[in-house]
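Next, two complexes with chain A in common: one pairs it with chain B, the other with chain C.
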Partner chain A sequence: MTEPTEPRVGVDDWVAQHEERLEERKGLVGLLGRWLAYAPAPARLAAFALFAGTLPFWMDRGDLFAYGIFTLLYILLGLGLNVVVGYAGLLDLGYVAFFGIGAYSYGLLSSEHYGIHWPALASIPLVMLGTAAVGLILGITSRRLLGDYLAIVTLFFGQAFVVFVNAANPTVHGKGLTGGPNGVVDIDPLRFFGYELTTRTHQYFFLLGTVVVVLTALHFLSESRTGRAWRALREDPLAAEAMSIPVNRLKLMAFAIGAAIAGLAGCIFASVLTAVSPGNFGLPILITIYAIVILGGIGSLTGVVLGAIVINISFQFLAPENPQSNARVLFFAVLALVLVLAVRQRWLGAALVGAVIVFGFVTQAIVEAVAPSWSGGNVTEGGRLADVVQNWVVIPEGHDRFGNFAYVALVVAILVLTRLPGWWRTAALVPTVYLAAIVWENSFVEQPQVARWILFGSLLIGLMTVRPQGLLGTPRVEIV
Partner chain B sequence: MELPLAFNDQLFIQLTVNGVTLGSLYALIALGYTMVYGILKLLNFAHGDVYMVGAFIGYGVLSGLGGPLSPDLALAPLVLLMFLAAMLGSGLLGVVIERFAYRPLREAPRLAPLISALGVSFFLQNSVLLLFGAQFRTYNSFVLGSSNPEVFEPGPLIDPVFKIRGVNVQLIQLIVLLVTVGLCVALTLLVARTRVGKAMRATAYDREGAMMMGIDTDRVISFTFFIGSVLAGAAGVMFGLLFSQVFHFMGFLAGLKGFTAAVVGGIGSIPGAMLGGLLVGLTEAYASGYFGGRWAEVVVFGILIFVLLVRPQGLLGTPELKKV
Partner chain C sequence: MSAKKPLLELKGLTKSFGGLQVVDHLDVDVNEGEIVSLIGPNGAGKTTVFNLVTGIYEPDSGEIVFEGENIAGLAPHAITKRGIARTFQTLRLFLNMSVKENVMAAAYGHTNSTALEAVLRLPRARREEREIAQMAEEKLAFFGDRLKGYRHDQPAYSLSYANRRRLEIARAMGTNPRLLLLDEPAAGMNPKETQELTELIGRLRTNGGYTVMVIEHDMHVVEGISDRVVALDHGEKIAEGTFEECCTNDRVIEAYLGLQATAT
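Presenting the complex of A and B:
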């Protein structure tokens, strides 16, 4: 893509010069950011595909499944949502239902449930058409709705889908259609011309190919007339309509394309897991996909890929099957990073990290001297850093509720922190970060799953208040 | 006098009684949605979870005062205390949510506060999950206040107060209805007759204009969140007393139905929210009575879609005029 020599249509001089007025970031982060911003799209895609292609050669099967396949699935889901929310600006909170419909449809078309075994070349296109049609119908019923109404109707639609597959389970051909809470099991692997994708490596490469194809198609779509019209619609529907852009048709198209991609992801998900159940399509997965799209930056394809990688890696680190040691190392690393990034000067960040460490040892020593029972607890099992943490974080013994109180105190402390002025805030960071460590060791380590949902929820709130455009999104320039 | 009814009228009356009590809860939740929407044009997804937190505050007071089996207080002051604590706690929570999650986004693009609201909802759900665990917590309202709870002798809350054609109306159902009516009357008076009510109406009508007239709109918005959340907190305790069980996920569906009620009645309209709540409650009761409980959500969802298609401004709402 060549640099345009004059401002884009609809952009005046002040807006066009906006980027030049921005301060460029220095250091590694700035370099990476500039590289990502200026590297042409094919180079970015090639770099991603080349790196992702090496994964099966140095990862074992379990890791490939957890990191490789799931990241790619999240990318695919994020790409579909990006079309609806990122390009067209429609807040679709029923997106997961399309994913679910895709997974269930594939499950019914290719499994023992009804004894139908269609090959993937027949079932995947059919399922995609089906989900696109459902998306279209939902879009038609709600096309007159403004943003918020649309959000609630789609949210309700997603919930109605879960209730439908879980509880309603209507009988078709003498068998519950959706299998109720148990879902559909024994789903076939993807089959092309009699060849079945059964190993993780094969599934991974198929998924990678799919993601690359979808990424390419979406790139061209977003640069096309349709893509520009979507963005116009997102920025100002009324002005877009006045410019004779067919608003309704574009909305429906975005809905249908997003739904079709979600349906495709559903097919692959069902075939890889070989079973689907209502629990896979609830609110948590919706939040995860939103976190991916928003973290990366709404409307940015590179952002979706990066967001999916970051979210899935932190997800797997906080998964209960993983040894605690990884989660702990990651958590403290992120805490230190936040501390360094929270202040402008690097030396101050380093000083703060040091201050937190000293603060911890001092607090622990005081507690031990004053009330030994409050520091007698043992650190939760697990590897690296455990010995250090044992002497650094206050872990009471026999005070069951301590973790809960610490958690509430942490939430209050963070809220207060955001209201403090200047230096007070910097100073208050130290005890707050230490409190976060206490909460982690006393409460979060025992329920890592809940902890990660809490962190994701906070991430959404925090990102919206601090940087609503996400990591790679372009900030809106408002002309007043 | 017996009315000639072709169908099982006992079942019908029972469902009506259930529907009215359920509708009271939805009406209270819907009021919070409708007030916030009217004033900020913001869809507060977290409202259902404020209701859930209210139910848990009531539970906390109950178990803090000796638990449902051997409470330290007599029944009346105990229930009153639960209501007051839950209402005050939820109200403060609403103010804090507005202050930290929505106010910084007042000038942001329209998507930002919605996503932030989604985050708040998810955060509250999982915080309660972390603090209280995934198991159901029970108010034990069946034996609450009973002289002999160990043998499950029913308490006074489920005593029949009077009968309608052989169908019992329990004390708790009457309390729910009366408290709801009382709160609605108080709210209507507050909005119609007081200074702060006038400021609320002005802010809802035109925020910038109100600001220029010297109204501290930020405070008015905070106050609106407070009132809405107070009502949700009261509804949370009522849910606990009616159905005995509270859990961390209860706010999600209740929030959706409360919102449906607000939309059906006409969003932004206070009498509309009350009417909508009643309609949704009755529909849900009839749907689960005649088709089975598993279809209740699907039927309510169908009503939402239908109303939005036929009369998008709701039953009592005024159509929005778009100014270019």
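Presenting the complex of A and C:
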């Protein structure tokens, strides 16, 4: 710290020390954060592309599909949404429909559904133009709506798309206009000049190339007059208009460009999966894309990439096909994190974690001594923690119903907890957290689908509590 | 001066909100190179006049003639592009953008490169980018030490209140206007800063070549800068002339201080 000098009029010391305060963050996290914040964009892009380029050489095909291809698809989708939500500040909840329109259009243009087999060089540009046009139409009809109202109209649009492809003219053409609930199947792989991208590695590299091109294009765009105008209208549309920025035209442009990128992602998605159905384009994927953009930091391209990596990896980690050990480790990690974050002092948080562990072993020992049948249940198999958990968490023999009761008790306990004053609350945290572990082990761990979303949600809540601006977003201020 | 056509002419400008007549058949001329102050008690309709001129409201009747053309009914961005820029009384900066970006964003109207050109880094886009950045630095240099160097890359929200007012002016200058409309530029400034601002507005005309129209409550500022003062009350023009003429005008004193003050 520098020696405080005499106060100078018009000089804000807090601001002047901005850089210094950034430097203060120590350790690996601080180093990584500084590098991500200050490294020039080409270096960041090169680092990403180089690392991503090595993936096919050490991952097996299944992992490359789940971790590589899906992460890249999420990045592409996040980049499109980032234009609409991050740059222009338009809360577009119908975004996933453009992804769907892109995927369906590509599917219908390259399958036996209508017997059309266009090469990708013709169909992808056409589909992108088409989705951009639909984006424009949605933009024109809703350009005067602000905030919540825009969100409602666009959400309706997104849902209407799913209903439409589910039910459109089932009698037409034998299979229906869009294939109904079964969707479009046997879609061709991407084909350029007669060469087909059939292997996962080829698809992955094509996708990586696309992502790098889109990232570069958006980086240049965001540093141009158009990008600045978008950010200006996000900050204050009236002032932007008064500063010679045609707000309506720029909103439409954001809608169209976002939609075109989503359409591109749709084409690749359809070709890689070789089938599309209405279920692919519902609310879960919309929420996921939003989570990526918000987690990464709204308006930051690096943030989108990072957000997509974090979210897709945690998603695949928690996938139902995976052994439950992953979910269990993550659950207890999140629980410990919440405990440490819930109290301000580090030592207290550590003490609480210790207290919960001791509390568990003691409770288990007492239950075992008093009523052995109550702890006779077996822990759900899998993973490193299973053995420890067996001796730590009370699991009765037939624990289905017990788990449900414990869940209700947990909700009540949390409600009570929030009303307790001071130290009582800290003390009550210990049994409540243990109860959460009981609920997890007796009930959720056997329902990976539910567990996955609950963990995903708590992960997001936890991260957003620590960094409301997202991983790489700049903290936004709304003081007038 | 009198032989030339005025830069801005308001002819019978009228605006009402519901039954409330906010601006009532207002006629004001602003000549090239002049500094005109608009004064009047709160609610007199001063800011509404600015909102009408910049196209945020559409007038009920009357004409707004700028450089010989009626601009009433044009969209705000089109009016700004023709050469009228304003600041806001309530400060409407792009808070989460950097100081320099605030000014650069205002250059949208007088740059032409398209999104595609920007993506492909074509020569015109690159040249315009350089020009805008240079222009922004020039405009910010107008404020001397206040908005210099290290402040350029700070977010606008980190600025002090007085600096935000300065940045509002710099941003308006970024649109390359001929006419600057300043809405209470000295509000919230301390006496020293107010003094500085008075000089600045003078320099806006002499060094910047702008014609300036100011709404201001601080009579020291009004006295220091105005070629001409227009006084409004209830949307009507109640006096026009030099600062002294306006200040001694009975109707102006009545509007500010009430009827009894006139009698004494």
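Throughout what follows, the second predicted complex is superposed on the first by the 374 of 480 C-alpha atoms of A that agree within 3 Å, B and C clash if a C-alpha of one lies under 4 Å from a C-alpha of the other, contacts with A are read in each partner's own complex, and residues count from 1 in each chain.
Rule of thumb we're sticking to: contacts are C-beta pairs under 8 Å (C-beta built on N, C-alpha and C of every residue); 3 or more make two chains touch, one makes a residue touch a chain.
Note that the structure is a prediction, hence the values are computed from the model and not measured.
Novice: Just checking: does A:Leu339 make contact with chain B only, chain C only, both, or neither of them? Give me first, second, both or neither.
Specialist: Once the two structures are laid over each other on A, A:Leu339 reaches no partner at all.
Novice: After the superposition on A, what does A:Leu238 contact: first (chain B), second (chain C), both or neither?
Specialist: Both chain B and chain C are touched by A:Leu238.
Novice: With both complexes superposed on chain A, which partner does A:Ser224 reach: first (chain B), second (chain C), both or neither?
Specialist: In the superposed model, A:Ser224 contacts chain C only, not chain B.
Novice: By residue count, which of the two partners contacts chain A more extensively, chain B or chain C?
Specialist: Counted on chain A, the partner with more touching residues turns out to be B.
Novice: Between chain B (first) and chain C (second), which, if any, makes contact with A:Ile101: first, second, both or neither?
Specialist: neither
Novice: Could you look at A:Ala52 and tell me whether it touches chain B, chain C, both or neither (first, second, both, neither)?
Specialist: A:Ala52 contacts neither chain B nor chain C.
Novice: Which holds for A:Val163: it touches chain B only (first), chain C only (second), both, or neither?
Specialist: In the superposition, A:Val163 touches chain B alone.
Novice: Using the touch definition from the top, say if A:Leu252 reaches chain B (first), chain C (second), both or neither.
Specialist: neither
Novice: Applying the document's definition of touch, where does A:Leu64 land relative to chain B and chain C: first, second, both, or neither?
Specialist: A:Leu64: touches no partner chain.
Novice: Identify the residues of chain A that lie in both the chain B contact region and the chain C contact region.
Specialist: 238, 242, 476
Novice: So in the complex, which bits of chain C are touching chain A?
Specialist: Touching chain A: residues 54, 56, 75-78, 80-81, 85-86, 88, 90-97, 101, 104-111, 113-115, 118-121, 125, 128-129, 132, 145-146, 150, 154-155, 157-160, 162-163, 171-172, 174-175, 192 of chain C.
Novice: Contact residues on chain A for chain B in the complex?
Specialist: By the definition above, chain A touches chain B via 85, 89, 91, 93, 141-142, 144-145, 147-149, 151-153, 155-157, 159-160, 163-164, 167-168, 238, 242, 283, 287, 290, 294, 298, 404, 407-408, 411, 415, 418, 443-444, 447, 450-451, 453-454, 456-461, 464-465, 468, 476.
Novice: Quick check: in the complex, which residue numbers of chain A touch chain C?
Specialist: My answer: residues 9-10, 12, 14-16, 18, 217, 220-221, 223-229, 231-232, 235-236, 238-247, 253, 257, 474, 476-480.
Novice: Would you mind writing out the residues of chain B in touch with chain A in their complex?
Specialist: It comes out as residues 37, 41-43, 45, 96, 100-101, 104-105, 108-116, 118-123, 125-127, 129-131, 252-253, 256, 259-260, 263, 294-295, 297-298, 301, 304-305, 308-309, 312, 322, 324.
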